[in-house]
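First subunit A sits with subunit B, and in the next complex the same chain sits with subunit C.
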Partner chain A sequence: MKKLLCMVMVLAMVLSLCACGDTTTTDPSKTPGESQNPSSSKEPEASKDPASLPTVTLTVWGGEGEESQAFLKAAVEAFKEANKDKANFDIKIGAESESTVKDTVLADPEAAADVFYMADDQVAALVAAGAIAEVIFETDKVIEENGGQDSGSIKAASVDGKLYAFPATASNGYFMFYNKEYFSEDDVKSFEKMVEVAAAAGKKVSFQMDSGWYLYGFFNGAGLSATLNEDGKTNSCDWNATSGTYTGVQVAESILNLVASEGFTAASDADFQTGIAEGTIIAGVNGTWNAKAAEAAWGENYAATKLPTFNVNGTDVQMSSYAGYKLVAVSNYSENTNYAMALARFLTNYDNQVMRFEMVGEGPSNVQAASSEKVLADPATAALAAQGAYATVQRIGNNFWDPSQTLGTILAQGNPDNIDLQTLLDNAVEGITAPIIE
Partner chain B sequence: MEMEVVSSNPFKALGAAIIKGDIWTKLSLFIWGAGALGRKQYIKALLLTLIEVFAITMLIQYGTPYLQKFNTLGEVEREVTREMDPDTWEMVEIVNDYDNSQLILIYGVCSILTMVAIVLYGLLNMVRSYALQLRAKRGRHINTFWEDIKSLKEEKFYKVLLSLPVLGVVIFIIVPIVCLIFVAFTNYDQNHLTPTHLFTWVGLRNFKLLFTSLGGAFAYSFRKILTWTIIWSIFATLTTYFGGILMAQFINSPKTHGKKLWRTLLVITIAVPQFVSLLLVRYFFQDQGIVNTICRNIHLTDFLRNIGLIRSSYIPFLSSPGWAKVTIIMINIWIGIPYQMLIATGVLMNIPNDLMESARIDGANKFQIFRKITMPYLLFVTGPALLSDFVRNFNNFNVIYLLTDSVYKTTDQTMSSIRAKEVDLLVTWLFRLTQDEQNYKVASVISIIVFIICASLTVVGFSRMIAGDKEGDFQ
Partner chain C sequence: MMDNKNIPNVETTNQENAAPETSIGFGYKMLRFQKKIVAPTLRHILLALICGFWLIPIVWLVATSFSAYDGVNISRFFPKEWSISAYTRLFNPGDDTANQYLVWFKNTFFIAICTCVISTVFVLCVAYAMSCMRFAGRKFMMKMAMILTMFPGFLSMIIVYMILKTVGLTNSHFGLILCYSAGSGLGYLVAKGFFDTIPVSLREAAKIEGCSEAKIFTHIVVPLSRPIIVYTVISSFLAPWMDFVMAKIMLNSGIATDWTVSIGLYKMLDMTRVNQYFTRFCAGGVLVSIPISLLFILMQKFYVEGITGGAVKG
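Entry: the complex of A and B
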């Protein structure tokens, strides 16, 4: 017994001595290899030996939805099969929402997946942080397939003329869903007419006013801009313009006019789904991700079209929108950038864009795939294509979102405190264009 | 015999060692084994010197590359060039010799702490050598190595036991806290994210951002959020505390039937994980949630609108600043009372019955008993818990974040420009700043402030409440 105790104590002492050694010698000793040392550099990779294939481990993050995970699984299997002469692939698939993947990546860029899906609004921030790698694989071919240098999807994936991601879908924008039981094709041309019809029927038209992403459609439609500056961080915005065709106040007034209608509601995404299922919402601005829900709720009466006009100072103005794309990016810290590039390229090629459209319902960015009959027959994709003429690629810095959301929230509540509209817009613009404190 | 002892004052002891120490003692400051060597403790001398050599070598080998760059936190940004063969997929990837500010900061701090430890140990070692010198001079027994080992498992066994916990505290608490404090003096934010970019020292600028007009929106939001944090902590603590006591009183009352049933029902709210119930409640109280539907159906919404309390077609339980704050406190009462009730029940059962009886015989009524006996007793016993509850509520992330995230949209244009909301506590604002904005510099200033407030409250409160001589004050 006593011996045992002795041994335990000796062990504890040795342990504490070892441990002491650690504290007094700083931590690098604990991290084997040179990878942590700032003065180390990666050797050029030269791991091609046809006799014994290398084993390559990759991680892919895709959207959380069941459908997109199923698609990803199928596409990854196909990639492994098609390239088994290149390497033995061990590819792990993770779920990470495309709309917020930026936050996860920036929290620790080195721990990000090698390949990940994202919405195009996050490109600027990820490039600025050096988190994603420039496309170095079949770049020209990718640009050509997606409609050339000036196409929306390529512009959305580029910063300073350099391509940073592979376009995967072109259906991340918004348009108008409506129920044909209540609206004629003429009704849906004007927002004012739509809320009037809805009010008469005791129902609602939904528009997510308390989100800068949607609110942009009104201001940009009236020719007021909000866009990223050359520095890639700060914004320019003239939503408070007092001169020009339409002033900011006039736009805000027409928004307040719509909001005041009994037939209007500023439902969130979740509320929109509940609303159409319950039948309280009979039309609404939303995206392809809710197409299946709308189709299920309205059946034969399900229809979709471009955004309506809205009335500014007596004139009907076509609403604008953000054209949205989903992209596939490669981490700048990937251990196997080349294989990651190849995988990202594979996930976004013609075949896989078509497969994604069939499995997930998202419209392709590949020009050829987008013009296929199946895609054109889909009402949601067709509506999005029609809205495409009035849509702009999203180029906006981080400071846009919260001030515009606050502006939208105040407008959606009908400006309860009766703040002077010019002051309201001035404040919003001040927030949107605020300099980045260095 | 006791004429020359080592003073218990470390500075006096050190002074004595420096002045009166012989050559071995003096040398032991630089060569740790010297003191032991002078008294013929050869194994100990060898071990101590080896440890010293090891520590200093490691410091020089691993610490210096970081320490050299500590004053700038690095100057070379990461640059990568890649070329890939489209057919073979062969790639040439060249990464430059870049600096990583984050690693420089962390390892720099570790190295500095190590240096401090080495110097302190050197001084301590000299004092010990001096003590040894005195023992030798007086001709008293000097331990052999084995006797030293033996003493470690007998009268000095506490040292063996404490060594691991102390080490844990240093590695997992002190080092991270020191690093965090240093971040507050850098510009570590979204535009200076490592490893691609570098961050560097900016002095007190982040503090000025929060406390002076330089910060504009920051200073404004900080003031508002701090005020609400304090109001929230006071209300959340007091309402649940007194609610819990009242509830315990009711259930403990001899007239109450089914005591166990009531207690069980209340405790069920504890059994359900807090975040589950909070998220559910958030959906109930949304603008289009079930509570609003009920209120509309019973015409409460219309009534409130008629008397001018609300202006919307729903009750903004969690979406307007005033309503949201009240709702949050109410919901916190609901989830907080059961805990306090359990604590109060335990304490109430321990109040000596003779106190109550004699009061009753003296003709005191129930309220008087409660006010003069029960409450003072409870306060005496649960005072420290009350204080730690306040501190806990000050940092009550769960309730605030889970109830307001994505539901509450601020209409304060100044606050929204820096991601703050009226209902944010300092800790939830800090979370948003780090999660959504990667604004680590401001976040660490906020956490320093939170630490200072909570630490001073705790220190002052505890020293007043449970000072050793207060034990007899009750009764």
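Entry: the complex of A and C
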């Protein structure tokens, strides 16, 4: 009796597993709530169509924000409409942050969406893992639309001269927000002048000094570089240069000079938002993601411009920055690579880049779209585009972040222990260029 | 004579002791005062302080969830303006597809309830078998179970994911329920300790009357074990209700309607979203604690009895 019961139980468990396995494998797109429906319920739908088109199931991941989800929904509907003669599309829209999508994809590339948005710093790792497919659809046209082979967006989306993703936006850089109530257009040309004005008003100009991403703007502006080596992992960096137009110590000195001002604060992102809402911060270097917060706080006085100059050894030097792009990639494991490519291409064409700009507020990478009047009328996007001339694509290995953050933190505190600046820079460079132990 | 002699003696002793007695009385009163008033007051001040520190984050969370400002504001403890808009918007997402709090809440609740039922049954059955039945390999199995529970669950996560993926159970709430409840029988020790305290004679009597093991379990042991059942129910409800890691690994389709509350709330803290969603995140955090609090308040009496029940075996 007991044995019989055991057998029955075991059988029941095995069967139930098989049953579930079947429904999910034949139709992986189904949400669990629907999985009781037999998959055959779909067939009548397909046969209703006179041409009996194939049913193509795709998943798209985009940012979680309300606006970018709404944009995706609209664009996907347009795609279905434009291609309704080719296939019946069942396109699911998922939410995965563009900045961390790499981690989700690499956790299990096979489970990744067919098409996904990502920030451009993740291309190299995804290509190295073989997770994303090379662009084979209208490649030349895509390159041309985004300003040719040498444009930032194409470079950002390429590895070894091969294009691996469709550029979607040029929105991930940083620039200067300011409150027109306090600054004139001349004031915002120089960082020193800005902190002076802020100090006089008892307010602050913010710059997130303790982040390598921002700190790069000072050093690169002065002609000191930090880039990824050919091996794709280690870095070369000459921030501690003792010769050349400007030395590393001179740059560090001018940073310390800025930090020492009453009108300067090295605010983090959260501090920046709090500061502009409370009125204590009247200008700051940040990205488009804070444009709404700044506009809400300053209203008519809200303005943005390219980064200012800063004074190195008596000369005004234009600050540089990282230019960041959002790209749309196609998974190498997609079962419908062709349709996925077509969808990725569609999401990043002229019309949809303009639509994305209008709905989400992210500037287009498409050259023609970027120079349209509508886009130029938006202060944040225009400022980012103006800064674009001085910006470089982010190509840097992982070892850059921690040492540069340490350096930035010490500088932001005004070098409290009075460490010799050359030693400080030497240490940072040693960390940044350290070999990767595997 | 003796009496006469004694009386002055007593008197003198009384007189002699008169002064000291008052001082002893005073000292005693002081001691009493110290014991009954000072010490408890100090103790309670200390407790109140610890309590205060401990409650700061919770008070902050609740206060912030009622803020009218959407983003992060770290310059003040209490919000500038109060509003319940975070709560109303949490439940009326409109077209905001990545904000499906109600759906997440339902998903989590469904998973937690299913897991709760299944693993409670598992735990009680295993505990009963280990405590009340005698069979070959019982000791060995108990030892193995002991060793298995010592491995951190994280170790098996990737493998569990791979196995469920081949069967096609990732991105399914059923798969998640399976993950949470399948191994739960291993946590039988506390329940076994409780069952050990139920007199053997009761079960023997039942057996003599012709009861099967199943009947002894359902009719004799279970009715006597209310506290431990309550404890098992609470603990097996809490695990899936609060879990993040397993859910994040299993539900990786990116489709917002599949998520559990913890994944959904985590996604609200993304750099690009935190500005608009921080207050809603706090509101979501407050709401998620309500079912747990209710469960605890309702079952508190049994809960204490439950975890200490097995400890006084003897």
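We adopt the following convention: the second predicted complex is superposed on the first by the 385 of 438 C-alpha atoms of A that agree within 3 Å, B and C clash if a C-alpha of one lies under 4 Å from a C-alpha of the other, contacts with A are read in each partner's own complex, and residues count from 1 in each chain.
As a convention for this text, contacts are C-beta pairs under 8 Å (C-beta built on N, C-alpha and C of every residue); 3 or more make two chains touch, one makes a residue touch a chain.
Everything numeric in this text was worked out from a predicted model, so none of it was measured.
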_First (subunit B), second (subunit C), both or neither touched by A:T242_ = neither
*asked:* Just to be sure I read the superposition right, which of the two partners does A:W61 touch: subunit B = first, subunit C = second, or both, or neither?
replied: second
*Figure out whether A:I93 sits in contact with subunit B (first) or subunit C (second), or with both, or with neither.*
second
*Check whether A:A107 is in contact with subunit B, with subunit C, with both or with neither, and answer first, second, both or neither.*
both
_Which partner reaches more residues of subunit A (counting touched residues only), subunit B or subunit C_ = B
*Between subunit B (first) and subunit C (second), which does A:Q69 come into contact with in this model arrangement: first, second, both, or neither?*
second
*Touch check for A:T274: first (subunit B), second (subunit C), both, or neither?*
both
*Given the touch rule stated above, what does A:W289 touch, subunit B (first), subunit C (second), both, or neither?*
second
_Residues of subunit A that sit at the subunit B interface in one complex and at the subunit C interface in the other, please._
20-21, 24-25, 28, 107, 110, 271, 274-275
*Sort out for me which residues of subunit A touch subunit C in the complex.*
17, 20-22, 24-25, 28, 31-33, 35, 59, 61, 63-66, 69-70, 73, 92-100, 104, 107-108, 110-111, 113, 269-271, 273-275, 277-278, 280, 289-290, 292-293
*asked:* Show me the residue ranges of subunit C that touch subunit A in the complex, using the header's touch definition.
replied: 69, 71-75, 95-99, 161, 165, 167-174, 249, 252-258, 267-268, 270-276
_Quick check: in the complex, which residue numbers of subunit B touch subunit A?_
51, 54-55, 58-59, 62-63, 65-66, 69, 74, 78, 80, 82-84, 86, 88-100, 103-104, 106-107, 110-111, 114, 117-118, 149, 152-153, 157, 160-161, 163-164, 167, 170-171, 187, 190-191, 193, 195-197, 209, 217, 288, 311-312, 409-414, 416-419, 435-438
*Okay, in this complex, where on subunit A does subunit B touch?*
5-6, 9, 12-13, 15-16, 19-21, 23-29, 36-42, 44-46, 48, 86, 103, 106-107, 109-110, 125, 128-131, 133-134, 136-138, 210, 233, 267, 271, 274-275, 332-333, 337-339, 341-342, 398-399, 402-403, 405-407, 409-410, 413-414, 416, 424, 427-428, 430-431, 434, 436-438
